[in-house]
Structure formats: C-alpha cells, structure tokens
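Can you read through this structure? Questions will come right after.
Chain lettering (A, B and C) follows the sequence in which the chains are written, and residue indices restart at 1 in each chain.
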Amino acid sequence: MLDFIKDNRKPVITLGLVTVIAYVFYFLDEIKTTSVLVFGWGYAVPLVLAAMVGIIGERTGVVNIGIEGQMLMSAFASFFGSVITGNIYVGMLIGIAAGLIMGGFLAVAAVKWEMDQIIAGVVINIVAAGLTSFFYAPGKTLPQLVPVVSIPILSDIPLIGPVFFRNGIFALATLFIVLAVNFAIFKTRWGLRSRSVGEYPSAADAAGINVTRIRMINVTLAGALAGCAGAFLALEAAGTFARGLTAGRGFLALAIMIFGAWNPMGALAAALFFGLSTALASQLQADEVINIPQQFVNLLPFVMTLIVLSVAVGRVRPPAAAGQPYTKEG
Amino acid sequence: MKRMRTLAGISILALVLAACSSGTTDTAAEETAAALDDSNCAAAESFCVGLVTDIGKVDDKSFNQSAHEGAMAAAAEVGGFYKYIETTDTKDYAANMAQFTDKSYDVIVTVGFLMAEATVTAAKANPNTKFIGVDQFQGEEVANVTGLIFPEDQAGYAAGYLAGLMTKTNKLGQVLGLEIAPVQKFAKGFEAGAKAANANVSVTTVYHPPADNGFGDPVWGAAEAKKQLSQGADIIFGAGGGTGNGALIEIAKAEGAGTSIFCIGVDTDQWGTVPEAQPCLVTSAMKGLVEGTAGLVKAAFDGSIKGGNFLGTTGLADYHDLASAVPADVQSKVAEVVAGLKDGSIMTGVTL
Amino acid sequence: MSLTEQKASDKLGIFVRNQSIVVPIAAILVAFVLGGILIFLQGVNPLVAYKAIFSEAWFDSDGLLRTFQKTTPLVLAGLAVTVGLRVGLFNIGAQGQLISAALASALAGIYITNLSPILHVIVSLFCGVIVGALWAGIAGVLKAYRGVHEVISTIMLNSIAIGILDYLVSNPFKEPDQSLQRTKKIAETAVLPNIGVIPFGFILALIICLLVSWMLNKTTAGFRFNTVGKNKFAATYAGINMKLMVVTGMLLSGGLAGLGGAIETLGITYRFEPAFNAGLGFDGITIALLARANPLATIPAAILVGTLRAGGASLQFETGIEPEIVDVLLAITLLLVSAPILAKYLFRGKAQKSANVTSGWGN
C-alpha cells in the first residue's frame, strides 16, 4: 500500500484532494454533489478505458491514434450484435471481440508490416467512421437493459458508493481494470518486459525478449479494452447507437493518457479531473448561478486542463521507443 | 512480374464482371418511389420531386427523416417520382440542388434553416421549379419558394403546460441540442408553458456544449438526463436530435418511469421513432413536418402552392399507453391550451 | 533468370525505379476495385457509380470549380500538418486554427472598409493567417516553455475555439434581424474571385505549396526543421534553438491552416457560420499522411480527396449509394499507400523501404 502511494504520488494526491473537496460539497448539498459526481465518473469511464488502450500500446512502443475508430467499431458491433442475437451479454462479447480484431489489425499493420503507426491509427479511424455509417440500420432497439449492479457494503458508502459501486458492468469493472493494468505494467514480469520493449527495444531484444511478439500481443489485447469502452458507450451509457457515437472521446483519451504521464493511475486521475470539470460546467449552466454565456461555461474542462498542465504538471516523457517500428538487425 | 500481371488481371476481371451486371442496376433511392425515372422531368405529364437534406441523413429520426417521409409519401400519392441527396458539407447545398434543377425537377424540398439562403438563390435562378424550404422563414416573398415554418414555441408551450400540471416535485428539466433558434424556441416555450400552468415550478435548462456533434451525442444526453433526474426533476423535455433521444432512453430506464417520472419528445411523435423511450414518453412536442411537407408537395402538384411562408401545425402527440397516467382534468386543460394557442387567444410570449 | 524474363524486367524497370509514383496509383486502383465490390453488393454497377463521381467532379464546369474549391483548403490544411510533422510536432489542431482564421478574415472583410479590392483581400487573408498562426502559437509556446504536449493542447484549443466562435457569432458579430448564428456578408472588395473554373485561392494554394516545399528542402531554416524533426539530440548538439524551432514550427503550421480558412471565407462562403469548414482540419491529417509529409504530394492527395467529395452527391443522385463510401475508398488508399504490402507484392525484393512519416509523439 505504501509502495503504491509512493509510486503514484501525484495521482494519489490529486485523487485525495478531489475526494476531500467532494465530501465538503457533499455536506453542503448531498443530492447535487452525488449527481454531479455520477455525471463526472460516467463521462470519465470511456476516457479511462480508452486511455488504458493507449498506455498499454505506448508502454510497449506502439502509438495508437486509432482508439476512436476501435471504440466506434466496438460500439457498433456490440449494439447490432445485441440486436441480432437478442441478448446484450452476447452483444458485449461481440463488442469486445470487435475491439480485439481492431487491436489485431493495428498490431499487424504497425508491428508486423512496420507501417507508420500514426497512419495505421488514422486508417482505423476513417474505416470505422465510414463502415459504421454505411452499414448503420435505423429503427433497432436493444433487446433488454443493462442491469445496474450494486456491490454490497461498498455501495452503501456515502457519495463514493453510488458514484463508483452502483453501476453497469463496464463502469464497475473500470476501476478494477485500471488497478489491474497498473499492477501488470509495474509489478509483473510481463510489465517489465513490455516496458523494456517500449523504452529500449534493441536492448530488450539482446536480452532475449521477442520484441515483435510482445508488441503484437499487447496491442491486440489492448483492443479488447477499446471494445469495453465501445460497448459501454452503446449499451450502458447511451442505450442506443448513433453515427459518430464516440464523438471524439478517443482523441480526448490520448490527451488524458499524456496528462496522466503514461501512467494508469495518472490517467484515472486526469480523466476524473476532466469528467468532473465537464460535470461542473453542465451544473453551472443548469443552476444559472453565474451570468456567463453557456459557451464560456462549457470551456471550463478544456481551459482547466491547459492551466493545470502548464502550471503544475510540466514536462512529461513518453516511452522512448513509442512510434518507432522495430526491425531486428541482421 | 507475374504477380503484377495477376493483380492487373484480377482488377480487370472485377471491372468486367461489374460491367456485365449493369443491366440489373436498381438503386435504393429509386426503389422508394414510383417506378418511373427522372429522364423526362421536364415533360408536363411527369412530376418529379427532389429532396436535399441538411447535414445528416434521412434516417436521423428527426427533421430530415420527417421531411423525407412526407415528400416521399406525397410523391407516391400523386404518382410522381422521388429522389433525395444527403448533404455532407454545408458548402454543397447549391450543388446538391443543382443536381435536381439540371434534370428539371418540378419540386425541390430543402430541409433545415441553414439552407434558407441557398434555396432562395437557387429559386431565383430556376423560376420554373417550386422550392419548399422546411424550417426556412422567408423575409421577402419569392414566388417559387414556400417556407414551411412552425411556431416551435407553441409546441414547447403546450408540452411545458402539461409538464407544469403533472409535476409532483415542481422541478422540470430540459436536455437540449445546440443553442440555436429552433431549439431555443422549443425550450423557451416549454419554460413559459410550465410557469403558466404552475407558478412554483422551476425549469433546469441545459444545452449541449458547442461542438460538431451537438445533435448526435446520445451519451451526453443520457448523462445529463440522469443528473437532472437525481436532482429531482420528474419530467424532462429532450429536444435535440440524437442528443435528446439519448436523454429519453435514459429516463425510460429510471425507476418510476411512466408512473412518477416522465419524458417528453420533440419534432415528431417519438413513440414511433424512439421506441426505447415508450416507458416514460408521455407525449412529444410535435411539428407537423411530415404532413406539412406532404401537403406542400401536393399543393405544388395541383398548382395551388403560393410563395412566402406557410405556417405548419404544431401540437402535442398522442399520450399512447400513458394516457391513463395523465389525469382527465389535466388532459382537458392541456387540450384547451392547445386550442387557445391555435386560435391565438393564448400567446407564448417567447421572443428570441 | 532467363533472357526473356531479363528483358521483361528491363522494360518494367521504369516502374521499379519510380515506385513512389507507381505504388500510390496502384493503391488507388486497388481501393477502387475493393470499393467497387462494396458498391456491387449494394446492387449498383461500380462503373456507373465511378462515372457519376468523375463526370461530376471533372467533366462539368460547376463540378470542376467545386473540386478545386474543395481541394484548396485541403492542400493548405495538409501542408499545415506536414510542416508540423517535419519539425516533429503533431498538430491535431489545424481545425481550430482554420476556423478561427475563417472568422477573423470574415470580420476583416466586413468591418474594414474603404480599401481597394486587391488590398482588402490581402489584408483579410493576412488577418486569417495571423489569427491561425497565433492560435497554434499558443500550443507552441506552451510546449516550448511549459512542456505541455502539443497533442493535448491542440485538442483542447480546438474545443476552445469552437466555443468562443459559437459565442461570437451568436452575440457580438451576429448578423442582425435574422435568427441564424452567422456574421454579415463580407464586402464586395474582399471577395476572392474565380478565374473561369479555377478559384484564385487554388492558385494561391499551389504557390504556397511550392514555397513550403522550397523552404523545407532548400533553405537553412528548412534544414533546421528537418534536423529537429529527425533527431532532437543531434539538433541540440548542432546548436539549434529548440524552443524557437517549436514555436516557429507551430506558427507556420497554424498560419497555413489559417490561410486555408481565410480562403474558404473570402472565396466560397463570404461569411462565417459555425457549420462551415467542419472537419477540414482533420482531413488535413489524412492528406499529410497520404502525401507522406511531402509538401508537393499534398496537391495530388488533396485533389483525390476533393474529387471524391465533390462527386459524392452526384454518386448518391445517380445511384443511391451513400456518400460514406468515399471515406472507405480513402481509407483503403491510405492503408495501401502506407503499408509496405503492396510494394512488396509488386516488386518483391526490389521494393524500397520508405521512411516513416511520423515519429510517434515527437519529443
């Protein structure tokens, strides 16, 4: 536990601070604070999941700018998968499978073919936007609702309970996914190998690590998380599919990933920060407490992010080999 | 080199195969209307109707779809030919209309207020073609342009009046698309109606932040609706294309939907367009887009159409299955208000 | 290798030597074949569909004008992203820079009066370029002096620009007495004319394209840009001022995107409306990648995209095929241009390995 805090000092401090402030507001206005936090966390969930996709890829040396397209494809697949099979759980699996396939595509293009990684990602985005729009069929509805699950005991905690522990499956899983990714990257052999591949692939290769293989596996598996994010958006958050459903969240997730310094806990903190400032903006618009045009109120999350980054966080360093294809010498 | 030849061979083969099948060409757009084609639209006995959507598609469950359905039905009814183009770039309005004028279409329906200026320009250049501008207010009268406009504030007012009478918490919510004129009219009408029905009511109004997808963000709409629900709003007006639909779908999931929690749709009777919302959908603030467009197309067919503005009807959609949840006295009061709005005895007081 | 085969490969040597031209053309052909299959599955003859696109986009005078009009901002947005990539910056914010500039030049076209036509156009274009450059410059300064990554800052600045512009055209600069969010029309003197079917802006874009190419390939400044983009450590050792390079790189990139927006306003739309210019900046990324960050190649890349977009409506009118098919064609083309598979398939051992366009997140 102490190690964990030491390793993640900035995110832990940020999250702690947010928690304290949130509870202060909670005692002032229980209902509003809870609902604003629910909005904020709901907004953050796909960003966090998508940021994990980016982090796993880049920690292994593969830039993934195609998260937006991966999510969109998965959202499309999970929705129409549910409609066709008549079962949302099968739909969820189809969505995750679509994410895996999209991850696999990026892996093949960027790692096996050594294609320019950013181009590979852009191709995914364009293909996804085109296909999901071209094959979209209107008038379909989900066969059933995604149930809301309350985790016993935890969901009874004031404020935190209803926000984090009374949710749909993907939103519930997200917290654990972040912890798992964080643990896997920093505490397992796989993580060590992945990071070495992302920082110094030729040294990793010399040490007997199969650079191409580990990159292929990681990028493909990360696609499954993009699948979760897509399925969350279509099945849990919107309950429907619309063209362009992801609405730029994949790009925002890249910003969150960098904001969080390529660190899962950092990305969680960054996404929460962004989600909460978005929620706050919408609440300010609803309450009309300040007489500012809504266009300016809604700039809050973007401006706050820029200010925080330029004042507090400063320079962060991406994994050294991110973006560079690796060709084995000789 | 061999591979290069194979590749070329495959390409040629594909093209030849494709060419062979040309005889059976049949297109989606043409299937939707009478089995004529548009090769002799100029002839007096043929009647060709074209439609240009605003950015967006004819299956958007919103104004493009309604205008499309109306125009298509009217064309079929009078034995005319119908075709549409979906705009992908606002700078293409003129070019898309030109596709139809080049073939001497009799009527061109242009959908959305953003197209108003381009429509008038095209109409002046093509005096023999009738233009129907959906949601386009005509400042000056051009003989061959008819603007189909709606008093959205009246539909909003009626919906707000209903909500004001029905709310138990005295809190209403609005989840809206971008802050542009037609949406503002709905929203301000709703608020005015609610306050007229119930002086104690408070209305929370939230517009989607400015973005390219302001009318296509159901995820945001759902989250905003959830927030307003948990802050005590018991009737929420979702107005803003896909964004509003997301709100309706979310409210339908809420505990008490249809008994203590209600949602109100917009533009068309969303009982049919967003079936997911049926558990909570008490009514929709309707614009008679389908009927209005169809009526004007038919008027163009029989020659009775006039330039200038044509005021379409607005009103509330049927209560459908939730009729039992609306008390009889509320129903009759709302009916009075709808009638009063129509005959002008009730004014919404909404100005932009 | 037998004699006849030897001869054959000599004849084909010209293809092998010009792979950088052959591969993109082959890529487009294959993309059209694959797209043709998609179209065929919709029950339409692909040849009829493609004829609809090209007869509209190239062989119709209005259509040709529109193709050039659509190509113009794409060339400039593509150049903006290209210049960024050369300095190792990934400018996702061309969209925000372009729309800010579009409004700025509209305002100059409306509120500056009493200028002669040519001067008014120049001043208005200049206003757009300056605003585009400054908007990108914010990201440059934040990167150089505060270490804020340009991918984050430009994404945020895109959203901030949309919000501010939305406010400005709904309130202070809204055309009075009507309900749309839009500015007044620009003065006649600020209009950028068309010369026959060729918009003046297109010619301007071509000239700028040549200038950027010359700058990047033949000048010291260009050499510095490329050095920074290729290897920041080497650049630092060579005594290049990194901070200056980052800021000027962003300023130049934003200025180019801004010029694209200004030409849109002065040459096509004549006023500013938030719905105009949607997605142009993002198309710029596609163009730059399609052109493999080569400034001159942005011209054919932009013409390809402009053609497909200009012919999209005709495609739907003639065949009922939805215009999204165009994006699928583009994506396949981009994939085949960039992935080494096609070159390997065509040339096998003789395939040239092309250098990567991007270097991940820059530095």
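Criterion: contacts are C-beta pairs under 8 Å (C-beta built on N, C-alpha and C of every residue); 3 or more make two chains touch, one makes a residue touch a chain.
None of these values were measured; they are calculated from a predicted model.
**Student:** Draw the chains as dots and join the ones that touch; what shape do you get: line, ring, star, complete or other?
**Tutor:** Graph shape, chains as nodes and touching pairs as edges: complete.
**Student:** Contact counts by the stated rule: is the higher one at A-B or A-C?
**Tutor:** A-C
**Student:** Find the chain most remote from subunit A, comparing centres computed as mean CA coordinates.
**Tutor:** Most distant chain from subunit A: B.
**Student:** Between subunit B and subunit C, what is the separation of their C-alpha centroids in Å?
**Tutor:** One centre to the other, that is 34 Å.
**Student:** What is the distance in Å between the mean C-alpha positions of subunit A and subunit B?
**Tutor:** Inter-chain centre distance comes to 34 Å.
**Student:** If you average the CA atoms of subunit A and of subunit C, how many Å lie between those two points?
**Tutor:** 29
**Student:** Which subunit A residues reach two or more other chains?
**Tutor:** Each of 295, 298 in subunit A touches at least two other chains.
**Student:** Out of subunit C, which residues touch more than one other chain, so two or more?
**Tutor:** Each of 159, 163, 166-167, 170, 322 in subunit C touches at least two other chains.
**Student:** Counting only residues that touch at least two other chains, what does the list for subunit B look like?
**Tutor:** 57, 179, 209-211
**Student:** Help me check something: in the complex, which residues belonging to subunit A touch subunit C?
**Tutor:** For subunit A paired with subunit C, touching residues are 58, 63, 109, 113-120, 122-123, 126-127, 129-131, 133-134, 251-252, 254-255, 258-259, 293, 295-296, 298-299, 302-303, 305-306, 309-311, 314-316, 318, 322-325.
**Student:** What does subunit B use to touch subunit C in their complex?
**Tutor:** Per the touch definition, subunit B meets subunit C at residues 1, 3-4, 7, 10-11, 14-15, 17-19, 21-22, 24-31, 55, 57, 83-92, 95-96, 98-100, 113-114, 116, 137, 139, 179-181, 209-212, 352.
**Student:** Flag every residue of subunit A that touches subunit B in the complex, lowest number first.
**Tutor:** Touching subunit B: residues 31-32, 34-36, 38-39, 42-43, 46, 136, 138-139, 141-142, 145, 233, 237-240, 242-245, 247-248, 279, 281-283, 285-287, 294-295, 298 of subunit A.
**Student:** Per the contact definition, I'd like the list of subunit C residues that touch subunit A in the complex.
**Tutor:** 38, 90, 92, 142, 146-149, 151-153, 155-157, 159-160, 163-164, 166-167, 170-171, 285-286, 289, 322, 324-328, 330-332, 334-335, 338-341, 356-361
**Student:** Flag every residue of subunit B that touches subunit A in the complex, lowest number first.
**Tutor:** 57, 59, 61, 179, 204-207, 209-211, 213, 216-224, 226-228, 230-232, 242, 245-246, 249-250, 253, 275-276
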